[in-house]
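Once you've had a glance at the structure underneath, I'll fire off some questions.
First chain written, first letter: the chains are A, B, C, D and E, and each begins at residue 1.
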Amino acid sequence: MSLVFRSVDLDSKGALQVHEVESGVAPPPEGTLRWIDLSGENAALLDELRQRFDFHPLAIEDCRQFDQRPKLEEYRDHLFLVTQGFTSPGERVSELTLHELHAFLGKNYLVTVHTDELPAVEDAWRRVTQSSAALERGVDFVYYMIASRMVDADFPILDRITDELEGLEDRILEAPVKDDLSRIFELKRHLVMMRKVLSPQRDTMAMLSRRGDSRISERTSLYFRDVHDSLVRINESIEANRDLLGNALDAYLSTVSNRTNEIMKYLTLLSAVFLPLAFIVGFFGQNFDNLPGLPGWVHSDSLMRVMIVLCVLTPIGMTTWFKLRRWI
Amino acid sequence: MSLVFRSVDLDSKGALQVHEVESGVAPPPEGTLRWIDLSGENAALLDELRQRFDFHPLAIEDCRQFDQRPKLEEYRDHLFLVTQGFTSPGERVSELTLHELHAFLGKNYLVTVHTDELPAVEDAWRRVTQSSAALERGVDFVYYMIASRMVDADFPILDRITDELEGLEDRILEAPVKDDLSRIFELKRHLVMMRKVLSPQRDTMAMLSRRGDSRISERTSLYFRDVHDSLVRINESIEANRDLLGNALDAYLSTVSNRTNEIMKYLTLLSAVFLPLAFIVGFFGQNFDNLPGLPGWVHSDSLMRVMIVLCVLTPIGMTTWFKLRRWI
Amino acid sequence: MSLVFRSVDLDSKGALQVHEVESGVAPPPEGTLRWIDLSGENAALLDELRQRFDFHPLAIEDCRQFDQRPKLEEYRDHLFLVTQGFTSPGERVSELTLHELHAFLGKNYLVTVHTDELPAVEDAWRRVTQSSAALERGVDFVYYMIASRMVDADFPILDRITDELEGLEDRILEAPVKDDLSRIFELKRHLVMMRKVLSPQRDTMAMLSRRGDSRISERTSLYFRDVHDSLVRINESIEANRDLLGNALDAYLSTVSNRTNEIMKYLTLLSAVFLPLAFIVGFFGQNFDNLPGLPGWVHSDSLMRVMIVLCVLTPIGMTTWFKLRRWI
Amino acid sequence: MSLVFRSVDLDSKGALQVHEVESGVAPPPEGTLRWIDLSGENAALLDELRQRFDFHPLAIEDCRQFDQRPKLEEYRDHLFLVTQGFTSPGERVSELTLHELHAFLGKNYLVTVHTDELPAVEDAWRRVTQSSAALERGVDFVYYMIASRMVDADFPILDRITDELEGLEDRILEAPVKDDLSRIFELKRHLVMMRKVLSPQRDTMAMLSRRGDSRISERTSLYFRDVHDSLVRINESIEANRDLLGNALDAYLSTVSNRTNEIMKYLTLLSAVFLPLAFIVGFFGQNFDNLPGLPGWVHSDSLMRVMIVLCVLTPIGMTTWFKLRRWI
Amino acid sequence: MSLVFRSVDLDSKGALQVHEVESGVAPPPEGTLRWIDLSGENAALLDELRQRFDFHPLAIEDCRQFDQRPKLEEYRDHLFLVTQGFTSPGERVSELTLHELHAFLGKNYLVTVHTDELPAVEDAWRRVTQSSAALERGVDFVYYMIASRMVDADFPILDRITDELEGLEDRILEAPVKDDLSRIFELKRHLVMMRKVLSPQRDTMAMLSRRGDSRISERTSLYFRDVHDSLVRINESIEANRDLLGNALDAYLSTVSNRTNEIMKYLTLLSAVFLPLAFIVGFFGQNFDNLPGLPGWVHSDSLMRVMIVLCVLTPIGMTTWFKLRRWI
């Protein structure tokens, strides 16, 4: 995607100013609140940012690499925040997209850096540029709006996974197919990935809601507590889903083992009926083979009748014995 | 269900006043204790509440969504509490109903919000409106009465699950059927859900029993300690039930695997007896087939006797060998 | 059992006084140490206790229900303690009996409440009433004597379980029987129950050994530390036994799976020997059936010899091949 | 390898001095920063170090044994640090090499001790000796450069394992082979080893980033926080990989069990078709064997037709019944 | 073993005095350091100890029972320490011997009590009685020498287990035998036992290394930190070994299940080849049995050729189909 560089200012008189060109990136003057949003990759701009804002080299270095984990780092003048969230299109959760936002939060500025277009940022941008109300609540509140949207997007994913898992378990107990197995492992991979990201995300929000930091107003920290609360619920939901996933796998294994048992019983029943019959016809056959007076089975001699009776009684006896032992 | 809006006041002279109409929702005057109960959904009333009581927008927003987790949020003037509990009708725990209550607890008022009729709230309402004794102990004590009833309703559910699990395990070891498997997974889902709800519930009660908060009198905090204690027992019981459930699943799997083993032994015994017999009658049959002088088996020649002896000895030998190897 | 109500006093002059009748239950005068023991259920007495001693209603309510968990609750004038322990008669741990003792521990009094006769209480009663030495060490020491005896009774149970488990594992690896399986699950239930009780018991003892409470003398707290130490050992032993139990179950499953494998190998060997033989005698039989000059197998023609040689070589070849593949 | 002993000084005038010979090992004079690097084993030098620097005997003893765990020990004058990391050549992670570095960090000196050549040390040596900029930031920063390089080398190993695991799981679900099993266990051994080392490594870095120690400047502690952050990510990645490994093993077991089930179904189908057929031809064969007028099957009598019809219908009936029961 | 009672003194003039007879057991005079070592059981001596040293009755009671867990109990005048360690003779870890040492550590005395001869104590005794250097470092250092030796003896045991486990796993994947299974469970029992003992041992050493206790000099506490560090490594090694053990068990189960699968495939192949063949020869046999002109198979009629062709094609077709489905 093409690079986007834009900023919005709220000066001390309450006037909003939006810049969408690559002009000078600089900290706002005293009394002005400024949100700078960088999307796409631009090494030169990052360097400029570092010099003008005096950001720490380590934080800038992190900004160049988009595969961090959620974290909150405190520097003298600013907080450096990495926020992550997931989206997954479609009804079935088959592919997770990880969104990552880097942010520098100072007293009167917020600098957000991301590589691809984030719906959460677009949303906040619309609200901030439409009216001065949002920015008036402070740059920390703008960051809250973005983080909150990113976190909320995780709920529907987990709900869809929960729904699918409950159906999956029932279907497996009914009739397991091999695709269920790959689906189970695919979902487990998704949950492993979500937990890896959202568990530290919860911790950074806890820090933001707790702190007596000068960059987070007391009023906004209540909002971060709310985001933290959502993340606690999300993490509990991930754990509960892992439990359900374990159930689904156990269900699969038990059902396969059950079916093996069932088919084995049938095989044994078959053998129990036909192996003795084969012996009976083989044994009697060789003795009566050339017996005279054998035009058809209805007129056969008494030994032939014995054999036929045995051929009838053996299967009955075997199945009865199976029933008694409760094997079938 | 239709909307119910009602309030009960205890003024400084000890007089009870009950209002069941949609009149002005407002904080009580100094010296008066007021409990306001809202059931059903009414967005307008919530807005009114927010304005009159100056409740935090985040708390009001939570009140509009009934799928929270138990929590305790502290605001300047009030506590916001989400309490949850379960009921399950019938002898067999087949369906869990989750009850959720939202409450604002101030110094001299309690506002409870819920969507469906809660037995715990009805109970407390009866006790509060019948005599002034209950409300005299403070609005925190009224909240205790409700929360305590909601928590106590969880015990019989867990006891019934424990009882069923012990019976289930024995029955599975005796003769496992497929329904046992789905029952195990159903109960596990119930326990996953209960733990998800009742584990944070325990933590909120711990906070209520511990705090030197001005909204919770020291006397009432002893009562919350008691509820917390119940929740600790409930959570321990959930864990113990999960252990028993694991036992039941292990029992199912071991028993199926046992039965497969048993039936396999029988199949092998069958084959061990009849496969050699089939060979014997096949081998000898072709040699003696057309031998003269074979009117019946009692007068057969000596080789025929050899065959019959083999047909008798082989099964005996095979089963003896099986017994020696302790396979049967 | 019939109700027993008794008390023993040690007055300031060191004189012991024992009362075994239902006289007035009251706190002792200053300078006198009093132990009151209630066994059996008596609602009226509990009410009297509550009024005279000013016990908290919640504690009294707990005393009416004997299915609590071990706990320590601190009230202004006294501690309320629930202590639990197990006994199991016989050599084999087949049934666990849970003993429960409720106690109110004040500065100069100890009130113990229980429904059935507890050996630990009887023991302490004997020691206290025989000489004034025990009571002279304080009512907290009397409680220690009882609690210590109850805890010590758990050791032999766990030792017996450990011993049985080690034997069980060996026996299962040798030859698993179905009863082993139910025994494993029975022992696991016992351990689940013991852990549920003895883990909180450990925590209450830790609190008693730690506290600078006025009701526990520093001298006696050393003794509670000893009980706590015992409970830590007991809980570690429970965990170790759970590990051993997991071993026993794994051993069972592996051995069954092993035996299935072994019997399957035998079945396959049988089939590998006799299925080809059946084909051979079937194939040759139909060709040579009516060949002239076949009085007995010793004089058979050369093709017959071929068949017999095949009937001998096939089993030898099959078993050799099996041996080479290390299946048998 | 041959012994290397070298040191680099930065004196108060900013001049760099490099010594590569075995000259006197001593603490630097005030105002000079000195890094001494010892590779290879030399007991005498260690003794000299101990005397000149007054290192603790326990730390020196640790330096003689290269199989420590990562740790940070504080002594009066210096910190003693053990740092560990892994490298693994090739695309496939088949062999892990553990690198271990021992370091004494004083106010103005850093002494590093290692047995084999470490790329991280060589790198830092190059940077330090090329320009005085690195050493000017302090000896703690030099240690950071080494530790950071060692930690960063762990990432590609874990990434390669993750990649392999995801492919492995899919391949196993497709068609498991026995080598997959040994590969799973090999990777698990690697992860067990990495966790054993990198989990304490994370803790030592946390200590370095937290401390108000005089030997770590505040500026450098930010860098150690960054290394700590990397180690947290690495440890999370190890856990996630363990989860994926569990998946792969479960996939293997389920697939094998699935295939056994599938092959068993086929065996049973075979038996269900051919065992009845064998009985049919055996039964009818003995009756019609010598019937006159049997030149070919097309002109056979009606009973022969019955048999042939049975021989056709039986397999059809059996497979139909199997399909109905959804076994095939 | 016979009772040994001995003591060694270091008086204020630096003179060593060794007593090996049962003389008066008493605390040393001011300025003298004394180590008293008791081995074997002697109730009278323990009583004497208790009176002369004023040891706590609970500590003395513990000394009479040698089946404690590692612990550190603080009394007014002394510490009571229980230390445990393992030895195992031979190359293969088949039997673990638990060594237990009880020690009273005062300001200027150390009393050690044990039932059997401990190598660690003998070692320390030799060093202490040979030169006054060891005792000059204080009685706490003497205790360190003993404890350190006992802990170090655990390393080779764990290393041998690790080595065996890695070999075991490979061997199991190659060809599992039943003894491997019992060996796995035996090793697991060992590890369960070691963890039960060495995990609390680690905690007591942590306490000794941390405390500002007057009985442990600051200098010696560094040494206890070293022992603690060893115990942390030992406990990590136990956990890693448990993981490897889990691997070995999983490997066993997977391999057995694999082999069952493999043998089942072979059985099914056998059946797939010979069951159809049996039908073919049975079917054709009854039709061509008495056909004229059948002197040998080479001159048989065309139907006979059909049968022979079928007998050749069927096995080829079956195995081909198996190969296509990748069953063999």
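Points to keep in mind about this one:
Everything below uses one rule, namely that a contact is a pair of C-beta atoms (placed from the backbone, for glycine too) under 8 Å apart; a residue touches a chain by one contact, two chains touch by 3 or more.
These numbers were taken from a predicted model, which means no experiment stands behind them.
Common neighbours of chain A and chain E under the contact rule above are D. Annotation of chain A and chain C: jointly contacted by B, touch as defined at the top. Fewest steps needed to get from chain B to chain C, stepping only to touching chains, is 1. In this assembly, the C-alpha centroid of chain A lies 25 Å from the C-alpha centroid of chain B.
Per-chain CA centroids place chain C at a distance of 40 Å from chain D.
Counting partner chains per residue, chain A has residues 253, 257, 260, 264, 267, 271, 275, 278, 282, 285, 289-290 touching two or more of them.
Order of chains round the ring, counted from chain D and going first to chain E: D, E, C, B, A.
Contact residues on chain D toward chain A in their complex (touch as defined above): 166, 169-170, 173, 222-223, 225-226, 229, 232-233, 236-237, 239-240, 243-244, 247, 250-251, 253-255, 257-258, 260-261, 264-265, 267-268, 271-272, 275-276, 278-279, 282-283, 285-287, 289-290, 303, 326-327.
By the touch criterion stated above, chain D contacts chain E in their complex at residues 56, 58, 68-69, 71, 73, 75, 175, 178, 181-182, 185, 188-189, 192-193, 196, 200, 249, 252-253, 256-257, 259-260, 263-264, 266-267, 270-271, 273-275, 277-278, 281-282, 284-285, 288-290, 294, 296-297, 300, 311.
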